[in-house]
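Please find one structure pasted underneath; my questions will follow.
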Amino acid sequence: MGAREGYKGFAMCLAIPGKVIGIAEENGLRMGRVDFGGVVKRVCLDYVPDVEVGDYTIVHVGFALSKIDEDEALRTLEIFRQMGVLEEELADGDEAFARAASAPSSPCPDGSCVPK
Amino acid sequence: MPEIAKPETPDVGATDLSKGAPDFSSWSCPLPLVGYPTIVMGHGGGGKLGNELVEHLFLPAFRNAALESLGDAAVLNLPSGRLAMSTDSFVVQPLFFPGGSIGELAVNGTVNDLAVSGAAPKFLSASFILEEGFPLAQLAAMVEAMAAAAATAGVQIVTGDTKVVERGHGDGCYINTAGIGVLREGIQVGPNRAKPGDAILVSGMIGDHGMAIMSVREGLEFESQIRSDCAALNGMIGEVLDAAGLAVHAMRDPTRGGLASTLNEIAQASGVGITIDEARLPVRTEVQSACELLGLDPVYVANEGKAVFFVAAEAAEQVLAVLKAHPLGRDAAVIGHVTAEHKGMLVARTAMGANRVIAQQIGEQLPRIC
Amino acid sequence: MKYLAEFRNGEIAQRMAREIHAIATRPWKIMEVCGGQTHSIIKNGIDQMLPAGIEMIHGPGCPVCVTPLELIDKALAIAAQPGVIFCSFGDMLRVPGTDADLFQIKGAGGDVRVVYSPLDAVEIAAKNPDKQVVFFGVGFETTAPANAMSVHVAKRRGLKNFSLLVSHVLVPPAIAAILESPGNKVQAFLLAGHVCSVMGYWEYPPIAAKYEIPLVVTGFEPLDLLDGIRRAVIQLEAGRHEVENAYERIVTFAGNLPAQRLLAEVFEVTDRAWRGIGVIPKSGWRLSEAYREFDAEERFHITGIHTEESPLCRAGDVLRGAIKPAECAAFGKECTPRHPLGATMVSSEGACAAYFNYGRFLSAEELATAGSGLTHA
């Protein structure tokens, strides 16, 4: 009894963020209960020994692959929020380019890498 | 209203398996059956064992005059007017899931098909195909849930049948229900009646039922508070029709294939295009999360207690108010409108502000959902 | 969901897109490698938001799509055997082999089961000692740690009835192969963010230097994709060719060291055939000597496979980015998700599936003007 049917739509490169709400050892593996927006699944935490209860982690096919750097996430969002806010003041593309090139996330913060 | 004779009324949508087997002391079943309360081949044979099931299980649960006459057919008094008839078979797996069981699905599914056709549901038949070895306790729990669902919907289960197949030849239990309803005067609804300019409303959160099933589906289980939305919609639909009458052009309950399939079907049947705004679709957070987890899209996930309405634009506000005032429609929303462009196609405006076509689902995304 | 929903903010996305419009002065061709990124781009209409000159070329980032047909046919042959429980991810079920797919094998009585994690397959093996349990391990570096752990656990628990059918492919060699191919038009790459969460991005500076091409580690949500594209365009406009990390909240330069350690123990690099592309040297992983006993191909010795590709299918051209799915004559006609001619139409990461499922039948112009008059409350 019981259906073991398949279904469509499971994306494989998809890793989603979740919050670790409990950790226990099971069969020699460090397993966590991870909360994905109200849905909880058991996840193997063996690859992220630094992840503790309360941390966020990215999970793919039942395995945590990386701890989410929450400070970095918030910093990135803040940068995104700032984008285009000054757009109305721009004269043309060059200014936008220069401003973007000097944005903190650029590896060329002093804007010296201008077009040759 | 028929009097349902049973000790307590279970909360419809919370089938209680802990009640255990029915009290067999008054049955005259042969000793082995009382000792091992499961379905045997004889229960489908139309003989003494089969009659035991009717007398001690179905009749007390569904009690009504038409059923009790135990004829080969139920004799019914129907008001004059046009009738609507519908049938559906239910093969959901697992049989019991958060928020309900195959029993309530079987009753509410047919009730809803009649209701969205503009009919007041009145009478149902219920046929069971049981697998040899199926626990009687589960059958009893299912039947009680059906009785409660029928009472809530205001319908009577007036005739039925039971067959049994050998172990290994049926997944526990399949149920078929057929229903008769009386069409309301003063309305004209049909999937081919949607018109450009019509507003499209959905009565509440989408995707609950399908994801409730997935949460207990072997191999994919997850913990959540998601429960099936299985419910009889005839009361709510009746209020909408009372208020808006001829302004309601089409109605449907988006079961298998979800909202996307229903909207595609109506777009094609009516020869119109449909545009919806993804930001306006009501989706429960946990359902959205579960869909992310499993790589599914809520617009394709089945519902068992929701209705979609196509109404003339000027009646949209009124219909929305009626829905929101009803317990089953609190999360109702206007989600889009009908257009004369891109005929036969469903187009959605995404949160990004871009447009995407939501295609008709190919095949079964989630099999054995209802 | 936290750390997901915020990166889907439509208003910010529109502003980021305008930034890109303001920055780009020339046409550029950028390839996103990962199929998950392709789906996100098409589903969210990111490509529609870009300036007309910026073209997203969809790469071969669909491990199912590049798995050789012969291996798919072997998988089907194994699944059809009595005494075998064949486990895979859900989207493998309808990938067509020469004659059938897993769904049909299941319908004919084969024990085929969908699992969420490879560890579930190990549990099934532990619970069914009298059956042979095979897991179809298809994927990029993102999925490899999960598969490595499953084999490692099976070995530790002494399970004799578990095996892995391996089809692992690696991103850096694929990128090099695309850059080497004659007629290559790709000028920058968005690197697969989740692959890099495992492997880091230390493998890429030599590639950026050798081919003088910008490489940006990019995530999957709309804002992440727009940021990756924005950074690639900035580099292209400036004539720079560096490796940048636009997914810093998840990806570090070194990557996940515990995962890389187990990967090095369980797998070894090998040449691999990429369906539709050909053999790319040192572009795949197979089980190492110490774990070879768990290899399903060796355990089952399937012979007599006769493969036949559909003459109409142009999946190879799609995978190399030479054509868009809608440019294939069979798209939407002989080839649909219900009757797929190739894996790209049915895999959840296939570009053809993305185009079909998100309705890229309408022309870009028709799609842009659809839904006009949509009122907001």
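All chains are identified by letter, namely A, B and C, in their written order; residue positions are counted from 1 within each chain.
The rule is short, and it goes like this: a contact is a pair of C-beta atoms (placed from the backbone, for glycine too) under 8 Å apart; a residue touches a chain by one contact, two chains touch by 3 or more.
For clarity, every value in this text was computed on a predicted model and none was experimentally measured.
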**Complete:** By C-alpha centres, the chain nearest the middle of everything shown is C
**Item:** Highest-count interface - the chain pair sharing the most C-beta contacts
**Value:** A-C
**Message:** With centres defined as the mean C-alpha position, give me the subunit A-subunit B separation in Å.
**Reply:** 39
**Complete:** Expressed in whole Å, how far the mean CA point of subunit A lies from that of subunit C is 18
**Request:** Pull out every residue in subunit A that's touching 2 or more other chains.
**Result:** 4-11, 14, 16, 36-37, 41
**Fill in**
Check: subunit B positions touching at least 2 other chains come out as 219, 288-289, 292, 294-295, 363
**Fill in**
subunit C residues touching 2+ other chains are 1, 4, 9, 14, 90-91, 94, 113-114, 116, 120, 337, 348
**Asked** Which of the residues in subunit B end up touching subunit A in this complex?
**Response** 93-94, 131, 171-172, 215, 217-219, 222-226, 285-286, 288-290, 292-297, 363-368
**Fill in**
Contacts from subunit C onto subunit A in the complex sit at residues 1-4, 6-7, 9, 12, 14-16, 18-19, 22-25, 34-37, 39, 61, 63-64, 89-91, 93-94, 102-103, 106, 111-114, 116-120, 138-140, 142-143, 145-146, 149, 153, 156-157, 192, 194-195, 197-198, 220, 223, 227, 230-231, 234, 237-240, 242, 244, 246, 248-252, 256, 258-259, 262, 337, 348-349
**Message:** Per the contact definition, I'd like the list of subunit A residues that touch subunit C in the complex.
**Reply:** 4-19, 27-29, 36-37, 41, 44, 46-49, 56, 58, 60-63, 65-66, 68-70, 72-73, 76-77, 80-81, 83-85, 87, 90, 92-93, 96-97, 100-101, 105-108, 113-116
**subunit C - residues contacting subunit B, complex** = 1, 4, 8-10, 13-14, 43-46, 48-49, 90-91, 94, 113-116, 120, 222, 336-338, 348, 356-362, 366-377
**Complete:** Listed in rising order, subunit B residues that touch subunit C in their complex are 219-220, 273, 275, 277, 279-280, 288-289, 292, 294-295, 334, 336-337, 339, 341-342, 345, 347-359, 362-363
